[in-house]
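Following this line, the structures themselves.
Note that subunit A is present in both complexes that follow, paired respectively with subunit B and with subunit C.
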Partner chain A sequence: MLIYTLRRILTMIPILFLVSIVVFALALAMPGDALSGQINPANANPEYIEEMREELGLNDPIHVQYGRWIAGIVQWDFGRSVVHSRDVTQVIGDRLPNTILLSAVSLIITYILAFLMGRYAGRNPYTKGDYAIQGTNYLMLAIPSFVAALFAIFIFSFQLGWFPSTGSVGRGLEAGTLDFWISKLYHTFLPALVLGALVTASYTQFLRNDIIESSQKDYVRTARAKGTSESDIYNKHILRNSIIPIVTLFGFDIASIIGGAVIIETIFSYRGIGELLITSIQQRDSAVVLAVTLMLSVATLLGNLLADLLYGVIDPRIRVE
Partner chain B sequence: MANDAVKSEHLLQVQELKKYYPVRGGFLRRKVGDVKAVDNISLELKRGETFGLVGESGCGKSTAGRTITRLFKPTAGKIFFEGRDITSLRGSELRDLRQDIQMVFQDPFASLNPKMMVGSIVSEPLINYGKGSESKLKEEVMNLLSRVGLPEDAYYKYPHEFSGGQRQRIGIARALALKPKLIVADEPVSALDVSVQSQVLNLLKELQQEFNLTLLFIAHDLSVVKHMSDRIGVMYLGNLVEVADAQDIYADPKHPYTQALISAIPQPDPRNKSKRIILSGDVPSPQNPPTGCPFHPRCPKAMPECSDKKPQLREVNRDHRVSCLLYE
Partner chain C sequence: MEAVTETKLEKQAKKQSPWSIARKKLIRNKLAVISLTFLIVVTAMAYLAPFITGYDPTQVDIMNRTTPPGEGYLLGTDSSGRDIWSLLMYGARTSLTIGFVCTFAVILIGTVIGSIAGYYGGWVDAVLMRFTDFMMNFPFLVFVIVLASIFRDAGIWALIIVLSVLSWTGAARVVRSKVMSEKENEYVMAAISIGGTPFKVIRKHLLPNVMTTIIVQATLILAVMIVAETALSFLGFGVPQGTPSWGNMMSEARDPNVIRTQWWVWIPPGLAITFTILSINFIGEGIKDAFNPRSAR
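On to the complex of A and B.
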């Protein structure tokens, strides 16, 4: 398992290298460049602009610029945000905990919903309850997240007044206190619910189909023949086998959770990475855009790694390797 | 029904057992017909004997085995185990019954949970019935494993680490764990290499002696059945067409289908050429079986009345029963 893990991590290095090239190329393709944010906007003198371009290294060949950028990253220097006038690492560091909290809560919601619905639908396939669950799922899958978010705000915030519609924490609370954390969770719940409920469909369907498939396997018949009770058959023999695709899905889903978070955070004005990315793009804060994009790519890679390793923990046949 | 004579001699009695699978069709999935997997079989198993059930694939022998162990619910007919009617047992009563009737399944690759250790697979039946304390349980499982010829460290391994023959030994150990009275072995060696088949068969025979088991042995390989069985029943299209002692049925097959089957056993001596009976046509669909005798469309000895009258199993010699109009 250790060798497997190491090998798996080593293969990530070339992938990371390629990803960094793509991210850098994308940043070059963006309209405008880092220049506009870093010079005195009042001074339109072409000589001054040319001088600054030279000074900031924007006239260097692309590979030199890339080398400088990557050398900085290796030293944990992602450059400076022009909008925030702070190091990019600090700007991201402020926002990251919020996004992690949002993703975690939404994942928990997804898993709880998918587990309950998938288990029921899998044990009672082709019944009315199963069809109702599937119908609900596909409906949620079909609704775009921004529409669902607006409806959720309208219903739960404006009409019922149960949850706040914007922000990530209440005003006037001191960081670190219990009230602060409760307020944070309270602010996170609604966006997390929207984010989590919308991706539940694939988890539910995976679990349902796998339970149905597993329940027809020969070893389930064997378990029945040796007198295992029905609930034990489902919990020990079927669920343990059926849970695997769901765990793997979680790793691959990190990418879509982050993608969803970008939209949801913007709608809820939730101060996370996604909202930071959007505003940075609007304000041409290219150092932040580069760093966030790279970070999201790395998060996706790590998600896949995590999924593979978890798979090994759950499936003993892979562990042996 | 449960008189003492029955109780002492027969461990299992099956009377006119039927198992139909509904066929659904159309938009509303309405029932449009039945697959008559088991259409009418009656048999008895004496204590300690091995009864071989043979037939080609699709004739319903596996369905019969699984219905007898009540993994399936029979459509009609009665099953008596030790004189007790077990046809419609449910819930905890059915679970209790499983202590006495166990199955060895055909496919040793699919029938073991790939994510359980062999130790857990074999001990699960014991745990299910609350038998044995934790320390004793492990000892007992170890004993079982070594009894079926597996190394003791097999306890901590997973099924995929074993060969087909070894997996089938695991399956046998699992079936034995509860010390059942009846074991239904559903083609236990058909998935194995010929060289391994005989080892597993001999193991089953030894264990049968040792544990005083009654065996319902289901197979399509006539030579395997001959090696194992005291009595043999031949199935065709869900019906039992002939039942007799193993020696008898090979020496003097009565039913035309049995005669054809036995003529098809390969002879080890190439000079000893027996006349093969080649049957024409295919097995009819069990969804729409022929009228009268189910075998008449392919029977070389068919008579006009065979297509109208369904023959019943009747005794032609001592302990030799045939369902064929030729003998009526």
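On to the complex of A and C.
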């Protein structure tokens, strides 16, 4: 397992290098100066731009620029945000906790819902409850997240008034107090629920089918023959086997949440990384766009790595190539 | 007497090609048939829009902005006084066309790369698959948004190219693994031994047998592409504003006031997208089931 882990981490290095080159190419194509964020895109005076380009070294050969950019990143320097007049690391640092909270709450809701619904549908297949859950699943798999978000806001925020429709925290609350955190969770619940809907549906479906399949297996028949109670069979024998494959998908969840968060945060005006990406693109704040893109790419890469490693833990055949 | 029944059976057996069995199974699948009918009707309405609606979707009626459904307009008007019903049909045309074109491109790229990698194996396979893995590592939506914002002025074709170039990896993997298992069969060896060129063996012998996998994959991709287009247009990075598309119609709902008070502006396109995706999913499952010899339907 150790050798497998090390090998898998080592293969990350060339991929990281290639990803950085792709992101760098994007930076050159972006308006303004994405590498350091010093040129104000609002100022279109050609003399000013030429002067700044010369000063910032944007007329240097490309490999020199790339080297300078990578050296900066290694030293945790992502340039400056023109719009916020602050370092990009600070701008992102302000938003990151919100996105992490949203993702964590989303995953927790996903796992709880999928566990409860999948277990119920798996234990009572082809009943009314099962059909209701399956119907919901098909709908959740089909509805795009932004449409689901709008319906959720319309129903739960405006018609029922249960949850706030925008923002990540209530106004006038002091950071760190208990009220502040409660308000934060309250604001996070609805976007987190919508963000997890797709994954919830696929996990529920997976768990249901796996439980039904397992209940026909020999070890379950043996357990029944020995007089094990029905609830013990389902909770101790079947569930443990069925849950393992879902746990290995945790890494892929990270990747899918990253894409979803961009849309969901924008709709709910939730002050996280995804919303920052969209507003920065609109305000042509290229340095922030570049840093967020790089960060999300690396996060996806790590998510995939984690998925592979977890899979290796579960299935020993994966480890030997 | 016996001989007669035998020939009848033989005839019946001859008629039962895998495709005709699958077709029969598919027709018996009610959900798939209803979905297919729905998709055909929506597509027909999209491309025959001028014959169905009297209103021009880009025509602005200043006197009747945000009219609720009923009064003169079947589904009301949006904030610039455009007729929602005609926008819906012309929007379907844009969204479905982008979906179909992207799906075609994705399947083409995926099939070419997947079948070459699967057929040749060895270093060709290694290089192509490492490249595929590499492309899979990017967060799809983030890259589509960033690229679409860079090529924003280039119009619909730039969007189609960006979407296609970033989404062929899944199809390539599936086709590759299917080709790899298929090429172990004797008929492929026979085709090669009588001097069939790789291109001919792939096109004439392997691809027809991989076809069902490709068709199922295409339905999945079609759904993903329609969602991607509408989501991008909703965020303002997709189809140019002013061009009717389901996503552009939804983008009015980025204003919370529209969500709250003008439900007729965003609910119709929202439902149209959802039901289209739902029907595509059911068709895909129906096809998968129809070609699965183990399914008992």
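Heads up, the rule we're going with is that the second predicted complex is superposed on the first by the 271 of 321 C-alpha atoms of A that agree within 3 Å, B and C clash if a C-alpha of one lies under 4 Å from a C-alpha of the other, contacts with A are read in each partner's own complex, and residues count from 1 in each chain.
Heads up, the rule we're going with is that a contact is a pair of C-beta atoms (placed from the backbone, for glycine too) under 8 Å apart; a residue touches a chain by one contact, two chains touch by 3 or more.
Owing to the predicted nature of the structure, the values given are computational and were not obtained by experimental measurement.
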Combined model on subunit A where subunit B meets subunit C, clash or fit: fit
Which superposed partner A:I73 touches (first subunit B, second subunit C, both, neither): neither
Touching partner for A:I267 - first (subunit B), second (subunit C), both, neither: second
First (subunit B), second (subunit C), both or neither touched by A:I15: second
Partner touching more residues of subunit A, whether subunit B or subunit C: C
Partner chain in contact with A:A223 - subunit B first, subunit C second, else both or neither: first
Partner chain in contact with A:L116 - subunit B first, subunit C second, else both or neither: neither
Which superposed partner A:H237 touches (first subunit B, second subunit C, both, neither): first
CA minimum distance (subunit B, subunit C), superposed complexes, angstrom: 7
Contacts on subunit A seen with subunit B and repeated with subunit C across the two complexes: none
Of subunit A, residues touching subunit B in the complex: 217-219, 221-229, 232, 237, 240-241, 315-317, 320
Sites on subunit C touched by subunit A in the complex: 134, 136-143, 145-147, 149-150, 223, 227, 230-231, 234-237, 250, 253-254, 256, 259-260, 263, 266, 270, 273-275, 277-278, 281-282
Subunit C-touching residues of subunit A, taken from the complex the two chains share: 15, 18-19, 22, 26, 29-30, 138-139, 141-147, 150-151, 153-154, 158, 165-166, 255, 258-260, 262-263, 266-267, 277-278, 281-282, 289, 292-293, 296-297, 299-301, 304
Residues of subunit B touching subunit A in the complex: 66, 69, 71, 95, 98-99, 102-103, 105, 107, 110-117, 124-125, 128-129, 158, 160-161, 171, 174-175, 177-178
